[in-house]
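What follows is one structure encoded as structure tokens, with my remarks underneath.
Chain lettering (A, B, C and D) follows the sequence in which the chains are written, and residue indices restart at 1 in each chain.
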Amino acid sequence: MLREIRIHGRGGQGSVTAATVLVQAAFIEGKWVQAFPYFGAERRGAPVKAFARISSEPLLVHSQVYNPDYVIVLDPYIYKVVDVTEGLKKGSVIVMNTKRKPAELGLEGWRVGTVDATGIALELNLLVAGSPVVNTSILGAFAKASGEVKLASVLQAVKETWSGGAGEKNARATELAYERLTRWWDGEG
Amino acid sequence: MASVPKKRKDLPLTPLSCPTEGSMGKTGSWRIFRPEVNCSKCTRCTICWVFCPDAAITRLEDDSPKIDYDYCKGCGICANECPVKAIVMVREEE
Amino acid sequence: MKRIVDTANHLAGYAAKAARVKVVAAYPITPQTTVVEKIADFVESGQMDAEYIRVESEHSAMVACIAAAATGVRTFTATSAHGLALMHEALHWASGSRLPIVMAVVNRAMGAPWSIWPDMSDSLSQRDTGWIQFYCADNQEVFDTILQAYKLCEDERVFLPAMVCLEGFILSHTYAPAKLPDQATVDDFLPPYKSGWVLDVNKPYSHANLVSPEWYMEFRYMIQEAMENAKRLVPQIDREYGKCFGSEYGGLVEKYRCEGADLVLLTMGTMGSDAKLAVDKLRKEGLNVGSARVRVYRPFPMEEIVKLAAGSRMIATMDRHISFGMEGFLGSEVKASLYGQEDRPLFAGFIAGLGGRDVTAETIEKVAKKSLRMLDMGKVEKETEWVDLRE
Amino acid sequence: MVTMKELPREEYLLKGHAACAGCGPAVSLRMLFKALGNKVFLVVPACCTTVIQGPYPFTSFAVPLQNVLFESTGAAASGVVAALRQRRIDDVTVVGWAGDGGTADIGIQALSGAAERGTNFIYICYDNEAYGNTGMQRSGLTPYGAWTTTTPSGKKERKKDMPMIMAAHKIPYVATACTAFPLDFVNKVRKAKDILGTKYIHLLAPCPTGWRCDTSKTIEMGRLAVQTGLFVLYEVENGKFKLNPPSDRLVDKSKRKPVKEYFAGQGRFRGLSEQDVAKIEKWVDEDWDQYRRLASECV
């Protein structure tokens, strides 16, 4: 079974890193994976995309992702300028970093989960060059919303990517995001 | 001294050339005038040896010059630079 | 053995490290950069005992590799597109010097206009430089092929340089699982550096001084012989590699479900991987299609192409390249390979994926179906067709 | 300072080579080996020295020599230096030996890169002031007013100040030299050999073929170039500028021979007008003002 995930963010937010940590988690679970950036020049602050594929079979495909099964949005404002639902399969899950409740986003027709990853980063003082780090924690929320990867695998992947204190802090943020995910479709929103 | 290859099998992988006196042949044949050393005038200063572009002057044990006419191209630098005019350029015999 | 998830560019760096390369000279260019960044990390952290010369151009990168190889050490470099084009004369110098340099070429389209996206016009433009050319279909193959390339290039029957080509972004920036073998296994497979000659103060030579018309042709002929030898050795080395490390790639041409296929789709690079998906789908629909991927483009596997043709009724090539005023090189060379055959299959050539235009399994399926229609009609409408071209 | 009689007798540029009669660079190549012996790796781009070797299967050079691409001397030397270091060979001097075109024009990028990287080698530009190998076409180091085959009415631009360009790279050693002063050259090469990093020696090497003078006048022309103050012998060692004999005596203008003496001996300057000569004299004076200043600053 092939799952395709698209990640929206801004240049510098670590969209590609999010994709690689996500596939690393799936890889730990024995899946076949791919993670890649949108092919082109990345500019700090500009909207960017990254992609991940998770499959139970070896991946022969090398083309772009056109119809993702999931969308992850790292930035709370970007969905206003970028169509984050483009090509998204009907009834698919969108996981977004925002303070707002899923129902407030106007993304009707999709199953939306939100988490205040920025708030978690500020709470834990998880900052890089003054900016809150949201790309790892949101994977915790994604794990819960999608069920495609286990939280434990994500935590392991996070700790393999960042050693020592940084790994611990990122892992803590990931756990918090897992716990705090607000889901739209089961009435919790 | 390397030999000239005859067949393809004699060739190295890529052109590797061997250090050889006369890589361009007997360059003495290029000469129109030949330098001749007047040993009685020569002061063994070795200037002619130093300035010979062709390494065609051998500096002997006593520092006197010996010209190798097989390779001397007859440029005349030695005669021009000799401080005591102990070298003169004379026309080659035909 | 270790399994990791990493990009093909990083894997190229891992391969250079595994090969115990001693001198790397490289200049950064998108999308090659992460190859040399990885190597810089390895060298500066002491994981790789090598000199990394941060040259001021690709031309200098290739020249420094040539000079270092001639001084007796294993060398590596990597580049893309315009960087490769800038190296052009040095590429000739490397092969003429018979030095076993290995270079990763991260395929990128040529300008003008600027494009950073993949096609193969950069490396295919260097077709006639006397370099062996490999094309890879996935990350693992990039790592494996670099090691295979050293083994091949340093064989005394070959002594030629090789490019290991991988498509920019599609492979270079895509993270995927790969196996990294133990150093001891690599060392068993790849012995210490061997070249046909080395400069030495104790046995001085002048290398590559003037060669008169009396001898120049013979030196060229020997390069041609070395290419023919390489053609024989690639499958052997691929099999040997498979025995050591478990991955094998079909030697010169990787074939997929070609037995008894009416139509064989011939590709290079990652298209060969996506073509398998298309073939599976078409087979399910009852269509008799196979695919084959030319893995080694120089020397060109003419004999393999002839064999493929003998078993099929039609060959369609997909070129990520155009030779302006003619067609794709792969198409031309497949036809050239088959000229001497009495019973030739139908042929159609397709140009696809230039400048990073995505070639999906669906695109390949469409090409196959179009070809099958021609086969039904018994004639080719247009010998070269551009795929997904806007009206 | 070495004396002539102290120079070793061994020759590593072998007789019967293919240089023109009276070749200035050939004299200096011999001196290069007198300075260094044969523990030398020579890197030679396309230039007259390509021809001097003679054709395959022979060579007139008894040291390892790599012929490399025209613009690539600095890069090739970088490769050799890196490989030798990896092979733990440390008793060999790497020398790039390139002409003026291969240095100041097509090869300046690779040279600049190698110098900026601190590549441990000696680069010698043997400057015969034109593309000699191809029959005397103008280069960036052809002097003002000189005839070449591509400046048939005389070059309209001035010569690049290549040694000062190299000094601006802040390398540990830059020196000028001239074929006519062989001991000065030998000393500078020996000094360079013992310095770590990039060393650049700019060698004025007269070419009777291209300069349109008698083959016997090679050394005389070199001497005049220095005595007239047109070409100046100096060193820049760790940023310190120093004039060398006999140039150090020429700060006083009255000690310099008139530039006309130099021009008169060479057919390539036949087209110089009186005004041209006056202009050149003015430039020479200006240059000397600069050298005087540099020398006094660095005393």
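What we mean here is this: a residue touches a chain if its C-beta (ideal position, glycine included) is under 8 Å from a C-beta of that chain, and two chains touch if they have at least 3 such contacts.
Just so it is clear, the model here is predicted, and its values are computed rather than measured.
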When you average C-alpha coordinates per chain, which one falls nearest the overall C-alpha average? Tell me, please.
C
Can you name the chain that lies farthest from chain D, using the mean of each chain's Cα atoms as its centre?
A
Please work out which of A-C and B-C is bridged by more C-beta pairs in contact, and write that pair.
A-C
Would you mind pulling out the distance in Å between where the CA atoms of chain A average out and where those of chain B do?
80
Expressed in whole Å, how far the mean CA point of chain A lies from that of chain C is 35
The distance between the C-alpha centres of chain B and chain C, rounded to whole Å, is 53
Once you find the CA centre of chain A and the CA centre of chain D, what distance in Å lies between them?
63
Hunt down the residues of chain D that sit against at least two other chains at once, touch-wise.
53-56, 59, 61-62
Junction residues of chain A - those touching two or more other chains
none
Of all residues in chain B, which are in touch with two or more distinct other chains?
5, 15, 17-19
Viewed as a graph of touching chains, is the assembly arranged as a line, ring, star, complete set, or other?
other
Per the touch criterion, the pairs are A-C, B-C, B-D, C-D
Contact set on chain C toward chain A in their complex:
3, 5, 30, 116-118, 168-171, 173-177, 270-271, 273-274, 276-277, 356, 358-361
Contacts from chain C onto chain D in the complex sit at residues 22-23, 25, 49-51, 53-57, 59-61, 63-73, 75, 89-90, 93, 199-201, 204-212, 215
Residue set of chain C touching chain B in the complex reads 96-98, 159, 196-197, 204-209, 211, 215, 218-219, 221-222
In the complex formed with chain C, which residues of chain B make contact?
5, 8, 11-19
Enumerate the contact residues on chain D facing chain B in the complex.
4-5, 7, 9, 11, 13-19, 21-24, 26-27, 30-31, 53-62, 182, 208, 214-220
